[in-house]
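Have a look at this one.
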């Protein structure tokens, strides 16, 4: 049994029971005997989180019903299906943003505040490839991803190595500063004009009345493909195991002969590549300019918390859930689109309070 | 064991499980006022977890911890501290980026005015020979010095019961002797000391009462001489002799 | 023996001195700043970075062009013109501070306007107190001119008129139900107010009116809500990114409206090029278009050629508006014959000037009754379709279904 | 620190306050504004330091309180005709209430999760200000009745700065400061050694919310127009953290030093070269965070120029 040595300094996750109990309130009488399923705190918080999420998804419908935007006829239901499908597609793109951020955070406990700017860099690289060299946005990934990988490694070597193990403010400020440098360099090179790539404007009709944009489907499939590929690498390859070992406990990994610094390099390189791939997907769907990166960073934060920090699959699930919730709120709630941002942040804070470990993460004691 | 006023701490049927692992599983013992007692047992017998349960860092699944007739279970650690029960840690937990003096002052009870707190801190630092380092960051002290600082810090509120978690661990002989002398002085002043210790020579030489734990349960308690002979204790430490293992 | 100043105290005094000295250093003796060669200093703060940098950038081009041309013609009242343009980072607080610097520090002789309604509203308090007039070309929200201010004038049409043409055209093709959507900030909401009033006057029912957050990118749910509410036309008070996303998602979801108009997006130069066929048939508003043969404003052709020669693209209405406002300022200074701000104010309130941008003649509130144009994107070109007196071509409405394009 | 030293430090503060108080009439409007926003930077950096510098709970959403104070002033002055000083009290009270309400649950989180939760809180507050049209006019923003506000707001900000410095100094050089710092160093040990960490964290958090709210209110009355993006701008929180870190977080003189240096440098550099300035600002943040995490005061302490610790 692990004696109470306890890694000192900053323990990730929530505080030990002692500091959590409300001041002075006597401990609730526990069920008889240790080990009962009700006993285990992380199972209980998972149920509380599931209950909260169910309520969060039911709320828009309730508000919609009250406000009369809900009509149970075929056309409306088809519309609902389309919107939910759109939400899932949007979730796919969000996943591309969150996955890269989750890797860096999972392995090094660093919050990469410049992640959105890396996505924006991806969008511009794709734009240049398309308009300057006429290369199809998705094919250009073959060129832009290696570039992004090198950029990620350079960022790790020059900046983030110093932030590993340092208090979170150091990592946050270093990456925030990097983000500013990227934004204003992009403004020097590309001005602040908005850009976008007209690509696959067609429509894919899945069922009568249920249609989704062609480029959204392509983006979704791309996002799922890349995410799954990275997942398989992490899950089964030797390199993947080394990355996960470093994520769990860097000191132990070091002792087991894993060159931790090399793992950090690869992790940030991979994360940057994922961000640039996400940027490519953005460039063919939305308008972008140097300043739009901030939005992607905030969404990615919400997702890595919801999905479970450092937990790859959790990020995918969290992304799709956020996408669908935003779609529902926008469709059903009057003046809903304004509320969408509120939904994302309310979700973020609620999950952090109910279960900081998020969906997949175990509530670290 | 006599009852009522002269027992400063009584633990009854304490239990704590982490997931499936029962770290503490039926721990019962009492400590009389003005004595030096030891809590011993092989590694993983639940000693430190018991300390955590007594001082409120962890909440027990069952059982009570009585002090002056009040059950401490459910109280926050700082509330237990204010009831005169302080502790040191197995791995020292000094405030590294704060000066030695600040480490001491952080443990001064609320009511104590500034001047008195400073005087008390100075006296205790002198006692553990750390006066010279009062302006230095605690993190820069040697391991042994940090142990002494933690010991002195725990004495700031003039506690009634002092829980020492492996005071001898990693400390050289002369330093240890210095520490133990002071423990005896505290005992003479009517304080009570309960320490977790692996060094049997220290336990046997300095403790009047020994409680033995194995696999989370208390298996024996008594004066050191009796404990040394107790078959259950020997078995717990050295395992059963081959002949009897079949039973 | 002087008592020993504690280290913290020494540092504290140092920091206070540190605060005053550098600030003082930036105080150049005002008089010499711009009178060495008998020069005139013209200053303003505009958004070179931040969210407004895109439209504001065109205005900076026009200002620089005007200054160089004026110096080419011997300057103003014999003075060579020095231009000081500062960047307000699209931030209100920064803009306030810069205008206070330009007025009280640099003592500029003529003020230039900032960009965006929000910042103009904030700056209008500063120049009002210092009684320095300027002609605004970056703000079109009427509340700015409804507060009894005397030192701020306007040349461009107000936000309320941006959707005027689109609502009239929707009425003409028999639209009964429409929707108003837009970004939740000062200008788009004023444009929305105007659209609502024109729709009420013309008997068009507004079934949905929603504001979305500034950085919204996914509109599929909102568009779905508009169709299920029965909207036949959409008046979108949007900039580039939101307008592009709305059109692209309308196409993806095969959502068809009889009419879609956007306030700012379509009038930005690379909107049609970047969106290709998705932008076809979209209505846009423009304060002004580089079409001398239609608008027939004096000096238009020369300005367009000079601008295109220097910047490689035709001027859009942001550039036209800025240039026109500076022509008015020049005319007022020539009439007053000096840089006396009070006389300049009276001149700007009464003068009538025919600029490349159009007629300038303000009412009591200081607002110019400038009439804008509504255009339709046809074969990737912006063609004026309303008002009828300036229409180049008949509008092709209602918009054909996506499937038949 | 010996009592005599405290007296000397407070005397220095008083002297600085008197000098600053006499200045405004002799300064141009621009310099008055410059000093006003400089003093505001000192207030913001010191307030952020109380929670994030001392207890180590890095707040990435402190602009929420600044925005709450700004809106309290704007709403009450523009819509209800209140005298603006009274609105500062309402702003401070609201921020304290919101701080306590948010703080209680959120302070149970540690490290990066607290930072992200606070970032979410600030962005959430901005969205509420945008959506709650009835109260805040949403995206339209609020413009206050125009009046000569540069002298009264200057003196108000000066008073606020003096109060903030005194409070920060009192906290920083007392056992309260020691206990807050103990929470940063080792929260479990602090709890075990008699510090009610929950209450101390909440107290520091609520205290650190009040001053930015008052600063936000004064700034609103100075600028006379506010809208959600300008008063809930994430870079305001970043600036608070950067100033405290540049000077030396966890100390008292650190944030003051950091605020003065950073704000003045920013003011001088950006007027001359706009875009390059912002790249320089980004680089500056990276260099400070990368090479000087312990700030100028930490640097001085390591060289022995300054004594270690807050209490002698």
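Odds and ends about this structure:
First chain written, first letter: the chains are A, B, C and D, and each begins at residue 1.
Everything that follows uses one rule, which is that contacts are C-beta pairs under 8 Å (C-beta built on N, C-alpha and C of every residue); 3 or more make two chains touch, one makes a residue touch a chain.
Not measured: the values here are computed from a predicted model.
Following the contact convention of this document, D is the list of chains adjacent to both subunit A and subunit B.
Placing every chain at the mean of its C-alpha atoms, the farthest one from subunit C is found to be B.
Separation between the centroids of subunit A and subunit C, computed from CA atoms only, is 37 Å. Distance from the subunit A centre to the subunit D centre is 30 Å, each centre being the mean of its Cα atoms. Centre-to-centre separation of subunit B and subunit D, using mean CA positions: 43 Å. In subunit C, the residues that touch at least two other chains are 49, 51, 184, 211, 213.
Each of residues 56-57, 76-77, 93 in subunit B touches at least two other chains.
With touch defined as above, residues shared between interfaces to two or more other chains in subunit D number as follows: 127, 130, 186, 188, 191, 196-198, 275, 278, 307. Within the complex formed with subunit D, the residues of subunit A that make contact are 6, 8-16, 18-20, 23, 105, 109, 111, 159, 162-163, 166-170, 172-174, 176-185, 187-188, 294, 298, 301-302, 305, 309, 335, 338-339, 341-342, 345-346, 348-349, 352-353, 356. Residues 49-51, 53-54, 57, 181, 184, 210-213, 215-222, 224-225, 227-228, 239-242, 244-245, 248-249, 251-254, 268, 270, 274-278, 402 of subunit C are the ones touching subunit A in the complex. Of all the residues in subunit D, the ones that touch subunit A in their complex are 52, 56, 58, 60, 105-106, 108-113, 115-117, 119-121, 123-124, 127-128, 130-131, 186-188, 191, 196-199, 234, 238, 241-242, 245, 249, 275, 278-279, 281-290, 293.
On the subunit C side of its complex with subunit D, the touching residues are 3, 5-13, 15-16, 18-20, 22-27, 48-49, 51, 86-87, 89, 91-93, 96-98, 100-101, 103-105, 118, 121-122, 124-125, 128-130, 143, 147, 149, 183-186, 188-189, 211, 213-214. Of all residues in subunit A, only 69, 71, 75-76, 79, 82-83, 86-87, 90, 184, 187, 191-198, 201, 203, 205, 211-216, 285-289, 291-292, 294-295, 326-331, 335-338, 340-341 touch subunit C in the complex they form.
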